[in-house]
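Chain naming follows the written order as A, B, C, D and E, and within any one chain the residues start at number 1.
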């Protein structure tokens, strides 16, 4: 166990998180009458974690296993993982800030300790998902995240729909992870290992069990696909997004999706890519046609997401379908199987974080006041609440991918990757989807500005804290739309996925 | 064919898995749906242990089964809690009646 | 057919038949009890697979923990006065088709795949090795499971407890 | 040359104005209006300064050093990702003879539209803020020389336009606004794709000798910059270049709007408030043809030559079809909208000729159509303000009631008909001269001349319906134009007549560039010297 | 006296009316007296033009050209450097036209001062006249065809404005629109003709073009294009000079004020077409000339037959104008260039006189225009009657009048043409028209001035017009006497007008494209001087001589017959006109209804275009836009499908398989969205489907 210390150094952020979790729980128990301090502990823990992620220059395998030549671990720390961890940290940070002003969360002050503890559970699960290179670890961390999120989805218990969301999420999630586990067991049977690198090495030798492998892959993809809510594993998404507290919805739409994507990318890149050439194109080993599968899935996902979103009247639900569509776009980044595509995903995800959080924040602030997420209640909001409405417009425009917002940059890099891979037809389908998506984003804009304010229209005036929060999200969306150099540079430096070669 | 081989265990696991899925899909009572999930996990566990033994993969498979059992316990706890919560809210646990969230 | 085989078929039949009842019987309580048999059957299979420790854990955790939990669940979610603890079924036909197809696929995969089979020495007991592995190679997972259980505890408690209205 | 970054100023001044407006309390609508007027006024002044310092002999088009008022600095430069090549986006502005007329046009039309916006009462602050944002977008399109920048400006004006139509528009404003939005966005996605394709096919050599992919339009025009393995590179034997050309052309054609992509135009025009119709017809439509001239032509010269006949065909269809449909309209504004379709057909026809006269005529027609149609929409606006109807059958005999107004109407209508002594004639004549000289499209040109007749038909018919005949007693209280309206009509009339009598004032600006463009696209200029940084 | 003085004066003549127009338009409302400025300006212009005419005719035998470059377009591959020049050319034709236009314009101004008195847009009227004068002078002065086209259109606009001057009358507004649009049809042809010339010669200047043709540069290397260019440019004249089939606008144009009719639609603008053909005469090929001759002759005939039955005094005059213009065109077509121009000038005076005379009558009759309600005005308006009669004699071709001279020449030309080419139809039509003209003109005179008053109420109030109106009549009538043009009352050949002022230019077209008789044979060169240059080849001149007396007597005979018949019908009532009309009712109605041409055009071209427009508009809304909306609908439809994906696809899939299996499971009906188990079913199906699709073999 000579490398234990080394391993522990590598997983410092996770250790910090765990400690923070424990501290949180203890404080929650100690100060059970006045829990005002708990959120700040949560906040501090995350900030600390973020610092550790940012200033963790090392990369390498933690927890090398004796049976794996002592070289490969089950936990890889690399820049790619750190990028996603930063995204998780930022979104967790934001979600805690959101929770400060969310009415739903403020109504359950007595259970606030559990709330943050569960969020910590999710964060830990996601951190492990991002870095795990062993299928069992992947499965367990996925479950850690899922179990926390099941509870969180129904956490507030304020309305029927919370409980219902939790139940649906639970059942759907359990089945999906069950399928995944079964797929993992098949892979284990085929290769004798659950470590992605070992599996990769074995798959590179020709083998006759391709159908079995395909079955296993499909089953595993069902588990991952449900996390990133790609069609046809998306069914839980709208129901749960609508039912869950809005902070959790936001969190699920970005953080857990980020973890899912990180997992998918690492899983495919590590397991099924033979080598990547000098131009960064990944050569798939021929055992399974991931490319066609993902193209089909991504086109289905974005199309279904966009078309269904057209008819939604509940904004949370609409944004749920929009996030399904975005999953489709993001899958395109994988589909090209190149570092260019990966770059696009990284950029897109950061942008997506900003704009989706922004949109949900506005929805939350409005819903705090009106108690409704119905699109009809947005009539004339542009006149009564200019700041929120303008910000929402900017976020929606960004989600639609129009310049000069960051959303355009995200899409641009995606299409650059697609064109580079000469996948013009797919690019055109995706672009046409963008046009469709515009339709429902603009519908919200229409309600806010083109419809007259009614007597129902309330004036929502955010306080200073919320205004700042909005600005914190709006400004980067606009700035990155015009000057995206730092973003791209950062993403560019985060492309390393630890591999054997 | 009666000679028990790896395949026998695997087929057993496959059928168990399918029964689990069947249970999940058909039962109305939420608790019984949870039972279906347990069957799936058991099926996977049989696989792990069987593969480990017949493939001589070491103790990894048993280890995994162990983990999965622990996980199943945790999951069952959470699930039961949620079901209880549902019962408090809806006064029944029939899944097909819990469909307020839909198009 | 030696004893090993006979035992296998015995356990297999116990497992499958009781599992079949679990997913088909209308009475929830019956269902839970059939699940007990299924778990026992699976434990027997583990024994046949030389995983004695796992078999023990299976019985302890599943039968002693999970099943009891489930029974609690049944009790708590059904009024005790309501003698007829029955449940309906739905989706029978699509479920049958889907599950049939799935089973077909799985079974054929299981049968026709050329699994790696390597005869090896079966150790007497696996406890020691498992214990060693748990704090070496699988230390991280072990710790993770600890956190998982903590979270499950917190989560289950927080969501199931009665709110002070 | 001028010591300050005048192009940036003229482009971003409105945005500064917009920010200022956001800080003015919304009750002070007067100050908002005057501020906007001042901003657009300064823009006109800046345009005049540009013109005063303009070198009439500098060609531009493909040669960076002969562009004028260049502002160029590194905006985005990403290195070290070898698989995409190094990425470079420049902040690169400049004008040449193709864009200079459009810059002037934009400044003038914006100014006039501001005056016309004086009647806006609803949410003044929002209106003028969006108006100024739109102004920046338009100006930016015409001065940008980096494709990426161009595209950003191109899309930038979508949203303000959506709001301006959607909030301040007529009864079916929502439909019109979304139609405009979706239509143009649909077009621009093709431009985006082609842009990315071009990006991959172009590398530029930097000062330090490294080759980088670039969005620089001028670099894209240089065959030497074409990468051999690029998707749209010249060396590529597949017909992707052709497809890209068509895609981009379609994107621009929607903006023109070219048959059969024109159907957003009548709706947008009818529903838009008057000043926005003015902007739409005056400037926005020009962006389509400008884009084709600026991008399609010099980047894909060989395909342009190949497709001349088709462009001319669509020009002809636009001319005839637009005019015929205009004949059947019952709504004044819709009629003008369809006349725009017809008039933009001349631009297409002239462009298709690929001759000096034709292309000069096309650009001149762009300018003239901008001023003339702006005036026509103002005219509709004036009568609509007073009568609240635009039905051609609802009026009659207004000439007796509003003589001065009728005078301006007559000027504008005859300008639209292409009456000699007014600017429209020169451009149409040049278009025909150019197009007729090309044998392949001679027949099309001859058919197109029917447009002159049909134009006279619908215009005079309208004139007669609304202004002649016995006065409809319903309207005997209508007032003649007031001072503010005179302030819009008089400058436009003067421009129209001045350029009709002395067209060289505008033609000389564009001539050198047009020649270069025509020579370049015709393949008469074979080698381009590598431009330095 | 230098050329530049002449040039400057000409330019002054050109721009003075424009100045007047601009001033009056802008300030006319504030200063109603500004019309006097306009009148003053035209007087000055007339005086200058008089001076210019004499100066040019006396001292400058050569043409004077002054030009500048208007537009320069640079060097491009297909068309080289393009220079578009503007300029003026002062030759004899120009100065004569300047004189005619300015004179009549001035007289009409004077006449209008009285005639239009009290109109609410009085000053505006004069400003329009100024605009017209400017445009017309532009046509006269230009040395290039582009400028010709420019002023051509401007003339059209001023005509439009003046016809529609009383726009409150719907008929006036309609007529103005019709005039403009019908003219535009011709203009398109003219424009294409111009395009052909410019494309080949890269210039618009007449002389340069002719020079190049003479040097053998043929458009597109094909003589057919040359013919086409000629005919197409002639189309402009067809429009403006109201030739068949585009003559329909001119009679309607009589809706304008009568002085306007006199100035524009009788004397000057409509003659611009003839002037245009004289300008391009040299590039006409034989085919083109034949077309022109036939069109002219046919127009003359059609208009004359219509004029016979018209009852509106101005309509009769309008059709006579059309008919006479046809004469001029025909004359050009047969190569009698000088006589055509001669007739243009003489016709301008006597037709202006006739129109102003009719204006005087109408003025007196309180805007009554129907000749059937007139009669006996001779006594009340002696001066008007006298001048009107003189002009009528002139137009009928009675000796001692100018009309006799010019008409006789034209008839001789047609006869000679018939003899030389065998196209006898043209002289036959020409002589028929001469007779018809005499007939209907005297019908007009008799019905208006002779006999008894038929509307006593109006008759009683009739009176002679004031001096300012009568004076122009007298001047114009005086100008209809032969003496101004030639000392010889029966032949103008040796008069100064034809002998020294107007000479027929030589064709520049290739020999093989000309009529053989118009090709100058080498040995004839010597004798050219002694025969003058009335026509441009000796052979033709000789044939003209042969035809001269035949034409003279022939024309006298038909004119006399016409006058006689007219008197028989209307003065002496020997023949009952109504009776005859009833007998040949079909023919009568055919004539009365103007050959039903308006109806024909309405039924075909006009409604055809309008219906096409309507059809296309429908097409635009339903099909083109419909396609867009259709795809939008499809999108919505698809989205609805996906929107209900959970309901119907899942459910449908399930139901479908249920039906397939032959089961009707009631339970499946209960499957609704929002049911998580349904979702799970779908996941299982999805796994299976994915497996099927992506199985690795």
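Things worth noting here:
By our rule, contacts are C-beta pairs under 8 Å (C-beta built on N, C-alpha and C of every residue); 3 or more make two chains touch, one makes a residue touch a chain.
Everything quoted here is computed from the prediction, not taken from an experiment.
Identification of common neighbours of subunit B and subunit C yields A, E.
The minimum number of touch steps linking subunit A to subunit C comes to 1.
Top-ranked chain pair, ordered by C-beta pairs in contact, is B-C. Chain D has the C-alpha centroid lying closest to the overall centroid of all protein C-alpha atoms shown.
When every chain is reduced to the mean of its CA atoms, the largest separation from subunit B belongs to E. Seen from the Cα centre of subunit D, the chain whose own Cα centre is farthest off is C. Averaging Cα coordinates per chain places subunit D and subunit E 37 Å apart.
Note on chain placement: the centre of subunit A and the centre of subunit B lie 27 Å apart, centres being C-alpha means.
Between subunit A and subunit E the centroid-to-centroid distance comes to 77 Å (mean Cα coordinates, whole Å). Remark: subunit B and subunit D have CA centroids separated by 66 Å (rounded to whole angstrom). With touch defined as above, residues shared between interfaces to two or more other chains in subunit B number as follows: 10, 17, 20-21, 24-26, 30, 33-34, 50-51, 55, 63, 67, 71, 74-75, 78, 81-83, 85, 95-96, 98-103.
Multi-chain contact residues, meaning those touching two or more other chains, occur in subunit D at positions 182. Each of residues 67, 136, 140, 143, 147, 150-151, 154, 157, 166-168, 171, 175, 179, 186, 189, 192, 211, 215, 239, 311, 439 in subunit A touches at least two other chains. Of all possible chain pairings, those that touch are A-B, A-C, A-D, A-E, B-C, B-E, C-E, D-E.
Of all residues in subunit E, only 25, 29, 70-79, 82, 146, 149-154, 157, 160-161, 164, 167-170, 172-174, 176-177, 180-181, 184-185, 187-188, 191-192, 195-196, 198-199, 609-610, 612-614, 616-617, 620, 624-625, 627-628, 632 touch subunit D in the complex they form. Only residues 89-95, 97-99, 101-102, 105 of subunit C touch subunit E when the two sit together in their complex. Interface residues of subunit B facing subunit E in the complex, by the touch rule stated above, are 21, 24-26, 33, 95-96, 98-103. Of all residues in subunit A, those touching subunit E in their complex are 167-168, 171-172, 175-176, 179, 210-211, 213-215, 218-219, 221-222, 226, 232-233, 235-236, 239, 287-289, 292-293, 296, 303-304, 306-308, 310-311, 436, 439. Within the complex formed with subunit C, the residues of subunit A that make contact are 1, 4, 7, 11, 18, 21, 25, 62-63, 65-67, 74-75, 110-111, 114-115, 117-118, 121, 124, 128, 136-137, 140-141, 143-144, 147-148, 150-151, 154-155, 157, 166, 186, 189-190, 192, 208-209, 211-212, 215.
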